[in-house]
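Each of the next two complexes has chain A plus one more chain, namely chain B in the first and chain C in the second.
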Partner chain A sequence: MTQPLLNIENLHVTFSTRRGPVEAVRGVSLSLAEGETLGIVGESGSGKSVTGFAVTRLLESAGRISAGRITFRDREITKMTSAGLREMHGSAMAMIFQNPRGALNPIRAIGQQIADAIMAHRKISADDARGEALELLRAVKIRDPEKRMAAYPHELSGGMCQRVMIAMAISSNPALLIADEPTTGLDVTTQKVVMDLLAQIAADRGMATILITHDLGLSARYCRRVVVMEQGRLVEEAEALTLFHSPQHPYTKRLVAASPTATSRVEDLVTGDENLLAALPAAPLPTPPHGTPPLLEVRDLVKRFDDGTVGLKTFSMVLAAGESVGLVGESGSGKSTTSRMICRLLDQSEGSINFNGESISHIPARDFHRAPQRKDIQIVFQDPNDSLNPRFTAFDCIAHPLMRLAGMRNGDALRARVRECAHRVGLPADLLERFPHQLSGGQKARIGIARAIACRPRLLVLDEPTAALDVSVQAVVLQLLDKLRREDGLAFLFVSHDLNVVRMMCQRTIVLRNGEIVEQGESHALFDNPQTDYTRELVDAVPNIELIEAAVAG
Partner chain B sequence: MSSATLQHAAFILRGNPITAVAAAGSTLLILVGLFAPWLAPYDPIASDVANALQAPSAAHWAGTDQLGRDVFSRIIVATQLDLTIALSAVGISFVLGAVIGALCGYTGGRLDRSVGRFVDVLMAFPLFVLAMAMVAALGNRVENIVIATAIINLPFYIRFARAEVNVRRNLGWVEAARASGESHVSVVLRFLLPNVLPAMVVQMSLNLGWAIINAAGLSFIGLGVKPPTPEWGIMVAEGARFISTGKWWLVAFPGLALMLAVLCFNLLGDGLRDILDPRQRT
Partner chain C sequence: MKLASTAKRAARRFASSLPALFGVLVFTFLLMRVLPGDPAVFFASGPNAGKEEIETIRKQMGLDKPVPQQLVLYLYDVGRGNLGRSLMTGQNVTKDLKERLPASLELTFSALLIALVSAIPLGILAALRPGSLIDHGVRLFCALGVCVPTFVSGLLLIYVFYYLLGIAPDPTGRVDIFMTLPPSHTGFLLIDFLIAGDFEGWWAAFKQLILPACTMALFVIAPLARITRASMLASLGSDFVRTARSVGLSWWRIVVTYALRNAILPVITIAGIVFSTMLGANVLVEKVFSWPGVASYALDALLSSDYAPVQGFVLLMAFVFVIVNLVVDVLYGIADPRISIG
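Let's turn to the complex of A and B:
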């Protein structure tokens, strides 16, 4: 066997924090051959990014490599001087990050930025550097590269910015590219385009790639070999497909089970949470007596913003009591706008919304807090980190709607009710006195759900409720939501960009694009046999393991 | 204040002795201000020409002035007036600025634009000159000094509150408060403002020192409190006439009091932020 390109032996990385040293990486060993593609998969806090940063020696000052060796082409990175590192960053390895727009200088044209990157590492005239930058923009398939040279980052979409980052990263022809969550936060179709591009560039140039991601499906699609990290340790290393089909380590098993695929059911997302594993009541849709109006009826909803942009061109839907409908679409499709209008947090420009047979669209959003339907329509927000008031304890958060909407006063009854809500979402009672910053993402998500169900609403709008959560936490939250829906006969409007999650959680799905409904229908039928090109494109872009297998077999 | 807050305060003060000193100094200043009439060893305006311009001694710790008044007693009594002016001026601009700024930041639109332009105009003036003009126009009275100081401080609070509220108005918990049945007004006043307050209190503490200087400055140039009322600015102004003859204590002691007061409030600011922000509590 030839000498590996990169070799990591027993790497330990320690961060010094207020509470003493914390080991973020504890004894990771792996190696990578020239031109190989390796996936590092793990949840937040697993040490996967820290490992990437350690390889490039870009650790922030609090972290240091406390033990172990990293060799890159026989040179020991762990012992390099800063001059050596600079030279290596310029020629041998490059890194791209999540949030490409944040990584670009907002006040410098992208062509200039790429040229700067080239000139920083090579003696080359400004004109030549600009010429090369143009070639690179062509290489990353940016349309009209001549025009785009002068564009600023804010004029480009997230996917375009990431392509610019890739262009900068490959400008020095590195032998190794480390991509840390390169497509997190991008739409699924954009993700596919960017990842395909990255894979193609890596193959063309014989560049080795390390893909750091939380998405098992993504790593399986683009990497031959995958390593799984948990709490700073490397728990399993295998061929991608093997890993999926016969995971060996208990953690990998849990991770694979928790990752929703096209065929998984909510019940299958094994979580180890006894509370939820209790048999779910089998709940066929309660058929309402004939003649009762649907719970929610939206007709010809339109939203034009003050600046003249149209957020929603036209939208109609019907939702029965106890039903769950998914609303999918990419960013800018108008799905958040729609959900805000149905929640009466935003006024519509035209159209009507009837709830339980009564019009609620004539009540302006400004006054809806006084409407009797306020407690019937509740919402769970996307990012649990910013959906809780930093000055409220968990108890205050859950008690707030009860006091405002159910008219409860501070007292034993309120305390009992808050505890009951916390219990229903699986939040230990002793956490109720904590402030949001003292809680984990999953715990905050539970509080957000407890708050929304506290007043026993009939319609729950879920705005990407698990987008910011790790897959294992997502699995628990999805099971919890499904359980609550069955127990209370809640109706869900489930807004998401994750098709696998929607397919699992919703009986029907509506696909939105550019403020219009593209397609709608029964979820499984819609995803298995999409009728429009756009839906097909969306479905194909999801890195599903079944599709990958089909591709390998075919 | 809950016991957790007090514990946290104690923790912060232990780790940050400068804040502890500043807090102690500020408390002392406020206590002196409150009990000034009882603390002063002599009557601050009773003249005793026989003992005029005495250097500091055991009987007169800070010496006596040209009319034989005890400088130390005058400094103590002046604390009350200076702190009252500064605190009420900062208090007024804090409350008004926070509410106006928060409303602007939350609603945006026409209100935000017009208030923003007004603030720009206000800030285009040299602020001390503006205060002078206001006091001169309104009349040489204590309440007018307070009003003038409050108005020239107002833009900072408006801008501050506006910016802080603006970045938070689209956060999930703000919408969640709406979904939980709060009106727009109560979202601003009961949800957004309390979250902005810790940062504003820091601003207020820094501003307090500035307001003291401002009040003293107005008196120093004769546009404020009138003699013989004891006030740090006047004392410095009157003492300045004697400094060339070596009577340094007339200027040095009131100046020192002024400097210490400003220093204490400024240093207190940073410490207060650490205590009031629950995110720093672990």
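Let's turn to the complex of A and C:
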């Protein structure tokens, strides 16, 4: 058998923190052959990215390899000097990072940055390097590469920036490419384009790739072999499809169950005792008595911004009490603008919004906090970290709307109500005195939900409520939301770019593009049989395991 | 295109600061009238100054008219470029300021240059090895620079370099009084001597300048070095520097081209603020070194209730502040391509 390209033996990485050393990677061993594609899958804190950074020796200064050996071809990376590493970076192995725009120098033209990378390893003139940079831009399929050479990262979209990053990474023909969450934060369609490009380039040039991701579907689609990491350890290693069909390790089993697919139901996301929905009967939608107005009726909503751009061309929708409607689309499609106008955080330019038969669109967003409808329409924000006041304890966060909107005074009644809310979202009562930075992401998400339901609203606008969460946490939060909806008859306006989540959570779905509705209808029908090319493109871009199987079988 | 947009932005900025300048003008005028002290009494004071004499001076100066009328007259004069006459020197304020401003500017520019040339490398060194001996050393040096008042550090420097070592010339003004001055082109002695080709004179002026400039620089090294260190740390820890390392760029390219060029942006802002502050606040240094600058001129005028020079000085400072902000703005636009949008 030939020598592997990369060999990791019993790798340990330790970070020195204020509370003493923390071991982020605890004994990882794996090997990679030339030209192979390997997926490393895990949730945040699993050590997957740290493993990638250890291989390239790009760990931040607090982290160091405390034990183990990494060999690349015949050279031992763990013992290399900084000069040796500099030589190896880019020419032998290169990395692609999450957040492509941040990974590029904001004040240097992208062509120049690629040329810098080329000249770091070869003695060629600046003009020749620029010529090669142009060729690379062409290779990563950037339109108008001549013009783009002089562009700065802020002038390009996230997907474009990631292509530039790929161009930089492959500029000196490395044998190994490590992609660390390369498409997190990009739209599904952009994700597909970038990942296809990456896979094709790696195949054409015979590069081995390691894809580090939290997305099981993505790793299954693009990697032959997948390893699963949990808390710094490798728990399972298998061929991608085997891993999904017969996961062996309990953690992998939980992870596979929690990852939403085209056919999963919200009831099945969580296995075992933690399942919130097992005992709950699926609530039949209460049929309102004839003649009651719909809970929310939006007609011909338009938003033009001050600089002349149109955020929303036209939008109409009806939402019944207790109904759940999904709003999907790529970034820039107007879905956030729409949801913000509906919850009256943003003024519309034209159009009307009726809530429970009464117009709320005439109330300026600035004054809506005084309107009686404020407590009926509540919002769960995307980022559980930034949407909580860092100086408020969990108790204060939940109590604040009760005091402001429900007029409750500080006292036993308030305390009882906050406890009840915390209990309903599954937040242990002893955590109520903690500040946000002392809580985990999932706990913060629960506070965000508890705060939103504290005043017993009738409509909950959820703006990507689980985008920042790990899949296993997302599974629990989604179940929680569904349970609350069924119990209280809440209506949901669910804004998300994750089609699988929307399909599970929403009865109806509206697809937005460039500020216009392109398609809407019953979720399953819409996704199974899209009527427009755009929706089909969106659906196809989702890395679903079923589709991969079909492709393999065919 | 880029140049045109920068120029346009600068022009817009300048236009928008005109109301502020006008406000400064009116405010200083009123403030001077409110302050205690009557210039007429001050200048008439003598053993035999009678009431009538004071009244005559008052009338001469136009102080007998009501304040609003005085203000209108003053504004009319300023509009014609006449800042009034100084009672102290007996000259036109415009002429006085014109004579003294180059001295202050030369001193401040040199001090800023010294400060930048030492603060930026110190900040970079500290940022490259945070927590190391160098970092602590820089911090100590900066703390000392800020803690010691300029008149103390100035006197210390004079004591060491003039009195003990005898290297520096006596600290009185810009040049030796016996020195022949070069023909004035810019008012900056170092430049004028160079134009005249008089290197001996240049050296003499340089020796006079270096101590006060160092004194001022010591005081402002701290903010500049601290901001350089902080923004350099942020820059070195940023994602794009990690990218630069991941493709194997050389140390120099990473630190200078990638990290420093990004880190320099906040330093430009702070340098602009520091410059404007120094120009007005270096009165202590000017006093210690008998430097014939605008700040000590304004202080003398203020102490003798001489209205016109003080008003003229404040207006000049406000104007310099506006110009410096403009320059910072333009520099920023050149250094950061992201600015030009919007």
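Operating definition for what follows: the second predicted complex is superposed on the first by the 546 of 554 C-alpha atoms of A that agree within 3 Å, B and C clash if a C-alpha of one lies under 4 Å from a C-alpha of the other, contacts with A are read in each partner's own complex, and residues count from 1 in each chain.
We take it that a contact is a pair of C-beta atoms (placed from the backbone, for glycine too) under 8 Å apart; a residue touches a chain by one contact, two chains touch by 3 or more.
These figures come from a predicted structure and were not determined experimentally.
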Looking at A:H369 after the superposition, I want to know if it touches chain B, chain C, both of them or none. Which is it: first, second, both, neither?
first
Kindly classify A:G102 by the partners it touches after superposition: chain B alone (first), chain C alone (second), both, or neither?
second
A:K79 in the overlay: touching chain B, chain C, both, or neither? Say first, second, both or neither.
neither
Go through the superposed model and pick first if A:R265 touches only chain B, second if only chain C, both, or neither.
neither
Looking at the overlay, what does A:L405 touch: chain B (first), chain C (second), both, or neither?
first
Answer with first, second, both or neither: which of chain B and chain C does A:H423 touch in the superposed model?
neither
In the superposed arrangement, which partner chain does A:P390 touch: chain B (first), chain C (second), both, or neither?
first
After lining up the shared chain so the two structures overlap, which partner does A:R224 touch, if you call chain B first and chain C second: first, second, both or neither?
neither
Contact set on chain A toward chain C in their complex
56, 58, 60, 86-91, 94-95, 97, 99, 102-108, 116-117, 120-121, 152, 154, 165, 168-169, 171-172
List of chain A residues in touch with chain B within their complex:
18, 340, 343, 345, 366, 369-370, 374-375, 377-379, 381-384, 386-392, 400-401, 404-405, 435, 437-438, 448, 451-452
Residues of chain B defined as touching chain A within the complex
171-173, 175-184, 191, 194-195, 278-279, 281-282
Footprint of chain A on chain C - complex, ascending
237-240, 242-251, 253, 257-258, 261-262, 335-338, 341
